[in-house]
């Protein structure tokens, strides 16, 4: 990976700081929360994060650091 | 990966900007939407994206950033 | 990976442009179609592509870009 | 990966040394414990670590070194 | 990976060109055929290749290019 | 990975040479034994190693070399 | 990976040439045989190799080249 956030990723992430984003992880789980920061590896920090449980409800996690390489999709909500 | 979008990938993606593309992900899921942008890692941004549900219906996601390394197939529709 | 298509891969691919090839993907799925182009990462573009369904039938996909790292086997038909 | 802990990861980890963190691993398991140290590969050492068992209880592990590449989410508790 | 076929791999492959080899792939499938060529990534081309079906029989594939990174075991027969 | 054992990993491993460690592998298996040596890839050699069987018992393996990239957790016992 | 066999791996492998070793692969299969050679990628050649079948019996494979990246554990017997 280059030394900069890829342009395509950067634009959508820069516009989403402070907004709620939905992140889908490898293996099928989802986490949503307020995008606090990100870096060039697409590591993501969310505040007020929640993880989706199997029954469609959400469990509070608080602040989370998500390693970029486990992320499949990032979607501003 | 080199510093440029591989030629083969670049041609088909450049022709598809603004068009609907179907993206098949590792693990078997599919997402479709209007191709907004892409970069040299084949990270993809789609507008008006939808994900395929198990029963053949589609759920709206809005704008999504898809990490290139999770993509198996990209197909203009 | 080096900056050139590996020799062994290059020879069989160069001879197959314009021909029908069968591509087996990680996870067990297969796609076949007319080989349009390829690059040094073994990314492949097929025209008139079809994917194999579980029941042995094939579904039309049209033109597809297949990321090289998901390919297990390429076989000219 | 660069030669430094990515900024986004560094901030949340630096603030959490000596605190309890929950770590979710690839494959779905979780480990929690007191964050003792970390490095640029996001390798993590926890003291008084416990692993989550299937029934919601936790089993004591003591001190553990967790390889960074197996970590999906790090969450201060 | 270095710029040369690793010695250990090279010796056994060089001796096997023109011979029948059995290749076991990640995921448990096997392909056998006459070793035509290989390169430094251990990409393999087989002629008269056949893939093992679940019931112990073999299906003809013809010439195949197998990407090295999906290969677990190569065994001259 | 850098040319040195990451600091965080090094400290806990250096203190554990000659001690019994429990190693959890990708896929869920565990191996325990006396830590004999390790290197910068976190390859590990254990003496008097045992692997955990499904029923909670342990089977003797003797001396084992464990490739670092398959290790999830290392825990001194 | 560096240009040399990691020390820890090298010592145990050098002592085992000509001896029977048991190799556990990703995915849970095992192969045993007489260690003929190895290289810096931990690619392994075994003579008189056998693979473990599900029922505890062993099937003869002859000489095999095992790609290092699929190896979890190497154990001299």
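Residue numbering begins at 1 within each chain, and the chains themselves are lettered A, B, C, D, E, F and G in the order written.
As a working rule, a contact is a pair of C-beta atoms (placed from the backbone, for glycine too) under 8 Å apart; a residue touches a chain by one contact, two chains touch by 3 or more.
What you are looking at is a predicted structure, and each value in this text was computed from that prediction instead of being measured.
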Touching subunit B and also subunit D, the following chains: A
Centroid spacing, where centroids are CA-atom means, of subunit A and subunit D in whole angstrom: 18
Cα-centroid distance, subunit B relative to subunit E, in whole angstrom: 32
Whole-Å gap separating subunit B and subunit G, where each centre is the average of the chain's CA atoms: 40
For subunit B, residues contacting two or more additional chains: 26-27, 69
Ring order of chains, beginning at subunit A and proceeding to subunit B: A, B, C, E, G, F, D
Subunit F residues touching subunit G - in the complex, by the definition given at the top: 3, 25-27, 31, 37-41, 43-45, 49, 61-67, 69-70
List of subunit D residues in touch with subunit A within their complex: 1-2, 6-9, 11-13, 22, 26-28, 42, 68-69, 71-77
